[in-house]
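Here chain A shows up in two complexes: once beside chain B, once beside chain C.
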Partner chain A sequence: MKTSGFRIFFMTGAWMVLAFLLLPILVVIPVSLTDTSYIGLPKESLSLQHYVAYFQDPRWLSATWTSIWIGLVVAVCATALGTAFAIGCWFLSNRASTIARWILITPILVPPVVQSLGFYRFWVTLGLIDTHVGVILAHTLLALPYVSISVFAALANLDPRIPQAARSLGASVWQTVRSVVLPAAMPGMVTGGIFAFIVSFDEIVGVLFITVRNVSTLPKKIWEGIQENIDPTIASVATMLVLLTLVATAVVIWRGREGAK
Partner chain B sequence: MFRMSDALRYWFLVLPALAIMIVFYIWPLLGIWQISLTEPKPGVANYTEMFDSTAVQTSFILTFRIAILTTIGCLILGYIVAYVISNFARRAKPLMVALVLLPFWVSVLIRSFSWIVLLGRSGIVNDTLMATGITDSPMRLMHNEFGVVIAMIHVMLPFAVLPMMANMRGISGAYVDAARGLGAGEWTAFRQVYFPQTMPGVMSGALLVFVLSLGFYITPALLGGGRVLMISEYITYQIQEFLNWGLGSALSVALLVATAVVIAIAARFVNLRSALLERN
Partner chain C sequence: MTDPILTISRATKRYGPVHALDRVDLTVEEGEFLTLLGPSGSGKTTLLSAIAGFAPLSEGRIDLRGRDITSEPPEHRDFGMVFQGYALFPTMTVRDNIAFPLKVRKRPASEIKKRVEYCLGLVQMEDFADRMPSQMSGGQQQRIALARALSFEPQVLLLDEPLSALDKKLRADLQWELKSLHDSLGVTFIYVTHDQDEALSMSDRVVILKDGRIQQQGVPDALYNHPRNRFVADFLGKSNFMDLPVRGREGDALTCAVGDTQFPVEAPGAEVRGDVLNLALRPERIRLGAPGEEMLDGTIRQVSYLGERCLVMVDHDVIGPLLISQATWKEGVTPRAGLPVSFGWDSDACVVMEAEPA
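Showing the complex of A and B:
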């Protein structure tokens, strides 16, 4: 087939847009290797000093660790609550359950600053300000919509007559949920759990409002770093996170290809 | 009797998540309305102050302008990518999809940081321009609307591409083939036959990007450098600098209402259920 102007236009355009998406993220890599003490490209030689600085700074390390364990706890809580929620709604599938589903996705639509104001005032009355529990609770709420949406999407493939059959053959509601519905919900739970972890791991605005000194997460540390003094340690942290993401994405593509074979 | 108790059991599954969402999320959100009407003293003083303030008006106009520019940018760039992924890409398809999704997984904070590194006064773009002699002095690429919009398009683009891709997946190639067979050129067939069919996807993408842009905080705060005060930053400014909770809450209510109005208007053009509730 002859390559038309139409096709050339769209193909070139698409690759340019994809380059626009990818390249700005990659600039953190050369910057993290700079031999200078300010943000910029390496001047004379490549240096790992900013990685060393990261690994030797207990504040960076503890912030990273805090983000990881809070993210894991949030993933577990949100996945448990959100899965139960989605399964219940899926069984009910009536008007009331649809309204419940709309209520559960409000955190996606409400501006982060507005919800964080709400958190702040309420957390003050509950005494949750600057506590890990307070952050975990807030993040679980923000992650719930993603878990419920992905579990619900996974259940869309499950024929409602199958659990009905299980029920009429004498299985109890809990047996049916455990051995018929949960396996079908599994892919959605995994996706939802990963989403929940990332929502928590990346969340910044809420943390800025509801924590003071006691709790520091990785995004908060990066935020403070950018606001106060832009030092290249941020670039080394950013590079490690970007590389992690690249590897994870590559693994997903690769496994997708394997699966397609 | 038996059916009734079944439904009750299903509600037991639904309740824990629903209850904590209502108690710890919806309730505090309603608390903001209350604060806006009671602090520093009961009445609508915060709202009159808000409507009289030119700074607030400027901020709202700026917020809408940036949200509109971001949405238009994302739709145009996103459409091209979604179109190619859905229609032309064969072997490169997984790679292209991955490139769309990748920025999604990298935190907004880091992406904004990258743009600071690129667009700053002594950033990489300015260094390159000066080294190659295109300009003598650094150009102002951030701390203005230009920088904020560029970075926001970058952050929001996946939100535009994904709904458009989902929509294009369901479009049969038969219509375009028929139009081509009847003598339409490629551009004409695209414009008159293909494009109208993609409008639902375009609209869902527009809604998502616009709503998220309206309330966006991180990127404008970091790339605006205090000079591009979108409404979210204006709110934090009122509360953190002036401890003006009344006005801050009134502004939050206004932002919530604005968001709700946008969604209500969008409901006429977009299937909200598939755009929000059932997206994946």
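Showing the complex of A and C:
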């Protein structure tokens, strides 16, 4: 291939964009291994003290646990509601259902701050401020579009004549949904559920608006860690999350390859 | 004669201003192989969907053995259905697909097992019981869909263009199989197709639809030999159409004229209005001969060889181009373009067309 100036220009640009994307993530790794007691690069030696600190601090552990169980509850609720919505729209597949689909994805389109302000106003009225239920409800709303979109994608491959066949063979609407439509929607439900968990696990703007002291999730704890004391434990938590993500991504890709074989 | 199994009266289906079905009356006899034939948009699929219960009628009613099922949901109608896209359940094995209607009906496990084996045998697919639908060819999938639709001994089997996704040879094989399955089981079949060969080869009775209305119904050879109007004559096979003046009439025997040549037309029961007749003439009913041998003279414009027969386009001064279909094994004139020939037909070859309703 010819190495023109054009090509060098674009290659350099591409690598720089890649570095810009990756470096801020990678920089937390040396910071997490620092031997100092403030956020900075290691001075004299590498140390795991901030990892130890994370596992010994009940506040960090409790925030992590809170994020995990809220995420799981959100995943279940959002998957149930989003799947029901997607299946309903798929059966109708008319104008009204198309409009409903657009309305449901507004949480993705509306700026998080605006959405959170709305949550705040409403949750005050409903008495849900600083409760786990309030966070679960807000996160379920935010995660719904991801579930319904992935279930819609899964159902797009389902021949509309298949449920008709089930009906003509004697299955009621409910039996048809259970035995034919749900199995077809399953891959989308799994993907949507994982997405819902991630959306909830990762969400901070809403949590900052609608919680005070009672509820503390991991992102909120990291945020407070930066605000109040410049504790390198944050970097160790961040590093663990990055590694966890890498492992999870690798597993997904590996499974995809196995499945393709 | 026993009572009809299905009676459809004044069935009308409107989509906005469009009439997909327009006051259709139809009775289906127990055990018959009835085909709904028509081009796309003729309403044949809508009629089948209405019978199956998927497209509620705007007006009219449907009775199953005297019981009104117009507003009954599909699962209570007890009709098996076979679809163009097979519509097998992709997440179930062949065995589970065929067992599905029986499980839904809560039949005992031992009976289900026996019945599934029997149905697999019906379609000669015993070795495929544990396959998934995605591991089979289109023809195999359609056999399984057929076995599934028959497994619960339905009152009527509805087939929606079941063969149109298959290639030509397989289609022909499955036509024979469908027909023999119908004859051996005695189940009523209602078959929808746009393919006239399928309709003619399998059916006891064919119903031809156009624009949501029944154009004509009858046994295949009656429809082919005595089409009522231009649409039927053109849709079922090929026809030449001629507008010719009537010169005389004695009972059912008419005399028509092409220029100075007069010829007889047997038209039993035909309504003759005015003094010009619209006649349909099948290409295979026209005889080709050497010049002067037959009634009219013309010149061959074009020849198309099709194996067992060849199509000859003959120009005539008055009637214009005329399509003639001649068996290639026949002795006599060997048609080639530019050759002067003569042609003629028997008195019962022409069929008088009804005037098209305005």
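Just so we're on the same page, the second predicted complex is superposed on the first by the 240 of 261 C-alpha atoms of A that agree within 3 Å, B and C clash if a C-alpha of one lies under 4 Å from a C-alpha of the other, contacts with A are read in each partner's own complex, and residues count from 1 in each chain.
In this text, a contact is a pair of C-beta atoms (placed from the backbone, for glycine too) under 8 Å apart; a residue touches a chain by one contact, two chains touch by 3 or more.
Since the structure is predicted, the reported quantities are computational estimates derived from the model, not experimental observations.
Steric overlap between chain B and chain C is absent once the structures are superposed on chain A; the two fit side by side.
Judged by the touch definition given at the top, the superposed model places A:Asp159 against chain C, while chain B stays out of reach. Once the two structures are overlaid, the count of chain A residues touched is higher for B than for its counterpart among chain B and chain C. In the superposition on chain A, A:Thr106 makes contact with chain B only, not with chain C. In the superposed model, the angle subtended at the C-alpha centre of chain A by the C-alpha centres of chain B and chain C comes to 90 degrees, rounded to the nearest 10. In the superposition on chain A, A:Ile222 contacts chain B only, with no contact to chain C.
Shared-chain residue A:Leu246: touches chain B; no touch with chain C.
Using the contact criterion defined above for the overlaid structures, shared-chain residue A:Phe10 touches chain B, although it does not reach chain C. When the shared chain is aligned, chain C comes close enough to touch A:Ser168, but chain B does not.
Once chain A of one complex is fitted onto chain A of the other, the partner contacts of A:Ser179 are limited to chain C, with no touch recorded for chain B.
Superposed on chain A, the gap between chain B and chain C at their nearest CA atoms measures out to 5 angstrom in whole units. No residue of chain A contacts both chain B in one complex and chain C in the other. Those residues of chain B whose C-beta lies close enough to touch chain A in the complex are 6-7, 9-18, 20-22, 24-29, 31-32, 35, 77-78, 80-81, 83-85, 87-89, 94-96, 98-103, 105-118, 120, 122, 124, 127, 154, 157-158, 186-187, 190, 211, 214-218, 222, 232-233, 235-236, 239, 248-249, 252, 255-256, 259, 263, 276-280. Of all the residues in chain C, the ones that touch chain A in their complex are 52-54, 73-75, 77-81, 83-85, 87-91, 100-101, 104-105, 145, 148-149, 152, 158. Note for the complex: chain A touches chain C at residues 159, 161-162, 164-172, 175, 179-180, 183-184. Per the touch definition, chain A reaches chain B in the complex via residues 4, 6-7, 10-11, 13-14, 17-18, 20-22, 24-25, 27-28, 31, 39-41, 81-82, 84-85, 87-89, 91-92, 97-98, 100-115, 117-119, 121-122, 137, 140-141, 144, 148-150, 152-153, 156, 173, 177, 198, 201-202, 204-205, 219, 222-223, 226, 230, 234-235, 238, 241-242, 245-246, 248-250, 252-253, 256-257.
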